[in-house]
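Residue numbering begins at 1 within each chain, and the chains themselves are lettered A, B, C and D in the order written.
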Amino acid sequence: MSLTLNLLLNGVALGSLIFLIAVGLSLIFGLMGVLNFAHGAVFAWGAYVGLAVYNATGSFLLGILAGTVAGIVIGWIMERLFVRPFYGNHVAQILLTLGLMIILTEGIKMVWGPNLLGFDKPAALTGVVDILSDPFPIYRIFTIGIGLLVLIGVHLLLTRTRYGIIIRAGVQDPEMVQALGINVRRVFSLVFAFGAGLAAFGGVVAGPSFGSLNPDLGMANQLNAFIVIVIGGIGNFPGAALGSLLIGIVQTFMAYYLPDVAMAISVAMMAIVLIWKPEGILGVRR
Amino acid sequence: MRAKLFNNNLWLGFVLVALCLVPFVSSSKFLLTMLISVFLMAVYSMSYDLLLGYTGIVSFGHTIFFGLGAYSVGILLSKTKQPNLIWAAILIAVVGAAVIALIIGFLSLRVKDVYFSMITLAFAQLFFIISEKWSSFTGGGDGIAYVRVPTFFNDRVKFYFIALAFLAVMYLFLRRVVNSPFGRTLQAIRENEQRVESLGYNVLRYKLASLMISGCVAAMAGGLWTVLQKYVNTNVFAMDRTIDALLMTIVGGVGTLFGPIVGAGVITFAHEWLSSLSTQYPFLERWLLFFGILYIVIVMFFPKGILGTIRDKWRYKGGSRHAASDSKRRESVL
Amino acid sequence: MTLLRVEGLQTYIDQFHILQGVSLAVEPGRVTVILGRNGAGKTTTLRSIMGLTPPREGRVVYDGKEIQGLPPHAIARLGIGYVPEDQGIFKDLTVEENMKIAIRKLDAATQERQEFVLDLFPDLKIAWKRKGGNLSGGQKQMLSMARAFVNDNKLLLIDEPSKGLAPIVVEKVMEAIMELKKRTTIVLVEQNFLMASGVGDDVYILDDGHTVYQGTMAEIRGDEDLKKKYLGIAI
Amino acid sequence: MAQPILETRGLTIQFGAHVAVNGVDFTVAPQTFTSIIGPNGAGKTTFFNLLSGQLRPTGGTVAMNGRDITGLAVHERTRLGIGRSFQITNVFPNLTVLENVRMAAQAVGGGSFRLFSHYKKFKHYEEKARYLLAKVHLDGKSEQIAKNLSHGDKRKLEIAILLALEPKMLLLDEPTAGMSLEEVPAIIEVIRGLKESGEHTILLIEHKIDMVLDLSDQLAVLFNGRLLAHGTPEEIMSNELVQTAYLGGLYDDAVTG
């Protein structure tokens, strides 16, 4: 396998992980206009809960399940108690979700301590396979698969199910959805919890990729997700996918050739998009 | 109106005199150092409040400017070994802060509000990484230790008075700014941006100017911070530093200049106190958790902070909360 | 028995006192028309009934039950279909999906109603897979009415269906309303008197947020002074 | 007729397939009071938006005092002297009534970028604000927080803000909308005062027909985006076409054909 292909695959794997955070963030913003600054912290909680359950039971699958459930619960509480009373008040929402980020991050330090925790790959996903006679880690293939699965799953959810139709309609005109006899608030809560669940799920999946967890994990990954949704178009599902892939690949290449400026390149790309097309590559001007 | 202004000034004079007396009452180096850091943090938080409380925009990257000041002083003084270049270093920091503010503001303030918060956060991370990676210049993760500062500052009492004077001057400066026609325009932008635009103001220019002023003041505070600490490392670009400004401003009271000063005092002392207790009660190491909860309670129930809430109680015995209104349709449903 | 009774409705939008005492009664099986100049409060009356801008005072009694204060989705579920002024078509959704989102329970009766409206508006069948945003004004109006009718709704609130449509399309829409009337009860808001007079049975006229006239379409048709006073531009 | 203060030629705006304002030729003489009437959806507010610059036309021109202003932005038109009020109340809720008007006076007076001069030094902005508040009968309420005003008073404040911009041309969009009947006479008095001061050219969108007839020198009837008629109130009242349009008996083809 050529170096380029190897880097490309690694980039797609990284893009998958970023996508798992960005998609929930973007969905929530698109539907409710809420930018959740605690989203990354939920990602981190998912990873920690997943790790704890994985260590306790030895089952990675149970870990994923537990992490996801934790994310859903956190998201649901968050929406109910802190976000819902402030719909329409952006400043308060931004300030509140940032406060929740602080609390959730400190909570992790309180429960699991401030230090690094190792997160081993499950045995079945350890090792490498040969792709074009070069070794490539199985876990990254797993990550890519998960990313694809979520991409297809959310796409089907949005286009094929009644809930998906309601969400897409709600983005445009929540009032009319109400007038058709649908409780939009409940749908909003569900989407918020679902988005948080996706982030937490992403956390567990990402854990073994990172090899270890630290309490500030959420913020760093959330930043990538922010950059992705600015680039792709905030609240735009295909945009989130495209942006994730783009950032994943570019960062991987930069990390190989110019490791010192990998993060700078993402910010630079975001700056260029903001100058050239402030609504994002796939975004529509509102 | 006039009587109130006079009262306010009287109040201030009283506090200032009291603070001037401190070094003569207690010679505790520890106390003076604490107070110096309160003063510097107060300036930093006031500059943050110009954005949050007066212009109504939420920055999550305010530490960029603080860090810029801190590193300018650290790098210039240690590279040249010329402690007297301190003023030049601060000047460089101020100019740099203005330029960076212009760039970040231009990128983010033209679009929706939330972009500003996201993008300032991303830039803060960028600066954090630069300070870590560009180690030949910044000393990397270790930072720059033993920054040689002018001997003058080694005298705690003298430094104390400098810091106090700095706070007083910056307070008066910012008070002038927020009460000027310019500052009044900022407050109107906070209230109803679209209306300000239809009055014929170019809103972007005002927001940019607000960000630049705020950045320059924060840079000065950061420069003196290095003088106080005698070292600088990547922490000055860390998210925690922005959270400090946020906590102090929110706890003290947004939309007042005195609020952030009170907030800086409360948070700094409480932090110190909790840290000292944490040797006995280890859970207190998570002091930020308590502040986070306090912060949320304040945002939800006392949006004007300690000072604003007290003032309202005095003024009308229970004011009403203001809520920014937004897209009508969304709101009618939610 | 009266299907819908509105009594002394007082509705504000922010501080705008829009409805300052609107009352009306809707008898089953009839088309009740609400007429009035722009700004009279017609649209707000429908929105208040629907719970979208809840009234501050007054009662809305539907099918013997007080419904003011209920959230819009609960009101809709009691069997009230709403066709807003701007039709409320979801532009990123196809015609099919627009119908799908409206259908609350897919049973045989709903199937039958869906077939009925699609026969009534064959245009919708042709445009079945097209996005709502790409429909013509008339098609949007038809889709919106189809959406409101497809559930087992006893009452349809239709807001200015003639607005912005070409005359030939308006005629089609009116014919459709006559057809729908055979199966349900309709409250129709109109500014276009000539159009409303063809379909209406009972008439209410609103002016400045008050009910100022109540009668039958037959009465008002011959009353030139009344028409000019409240609907034309003369005093 | 003197040089018109405002003139549109073939003014058109199209949203997709919908032509909201369609080829309107319209002139306004200085110091006159013109009301624009028409049924719902006739394009009245859209027409205002084209005049004040909130919208750009897809065809035609707008000229003020003979100068083409079609390409100018809202704030540039504000500076040229076009001031408009909105259907929704749009004030600074947490500032005082006086400060609301002072902000507007400062907008035209300049000096907003002076950081250091105390705002009180701009005494004449404040004086101007007080003068205007008196003009709209709000002088007793200058220190109140704007959000605590009654709805009617807010509309008056809105007009005072507008006047502070020293507009030559006032566009008033339904100033009585949503008022209880008791509040209406006061706002009519304010508008009459503006008319009688002879300093302004006024365009009014309003559906309270007796008020319109009482105040207007000229009436313009918009219908389906077209200018159906323009003339004195007497001419318009006796125009059969207008009556039929109001009752809904007119369609596009009838207007053109």
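Here is the rule we use: a residue touches a chain if its C-beta (ideal position, glycine included) is under 8 Å from a C-beta of that chain, and two chains touch if they have at least 3 such contacts.
Bear in mind the structure is a predicted one, so any value in this text is a computation, not a measurement.
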- request: Farthest from chain D by Cα centre, which chain is it? Let me know.
  value: A
Query: Looking at every pair of chains, which has the largest contact count?
result: A-B
Message: Counting only Cα atoms for the centres, state how far chain C is from chain D in Å.
response: 32
- line: Averaging C-alpha coordinates per chain, one finds the centres of chain A and chain D separated by a number of Å equal to 49
Query: Can you give the whole-Å distance between the Cα centres of chain B and chain C?
result: 56
- prompt: So which stretches of chain B touch two or more other chains?
  reply: 332-333
Message: For chain D, give me the residues that contact two or more of the other chains.
response: none
Two or more partner chains touched - positions in chain C: 52, 72
- line: Per the touch rule, the chain C residues reaching chain A in their complex are 50, 52, 71-73, 76-77, 82, 84, 88, 90-93, 97, 100-102, 104, 147, 151
Message: For the complex, give me every residue of chain B touching chain D.
response: 176-177, 179-185, 187-188, 191-192, 194-202, 205-206, 209, 213, 322
Complex contact set, residues of chain D against chain B: 74-75, 78-79, 84, 90-95, 99, 102-104, 106-108, 111-119, 122, 125, 147, 161, 165
Statement: Within their complex, chain A touches chain C through residues 162, 165-166, 168-169, 171-173, 175-184
- prompt: Taking the complex as given, what residues does chain C use to touch chain D?
  reply: 12-18, 20, 37-40, 136-137, 160, 162-164, 166-167, 190-196, 208, 227-228, 231-235
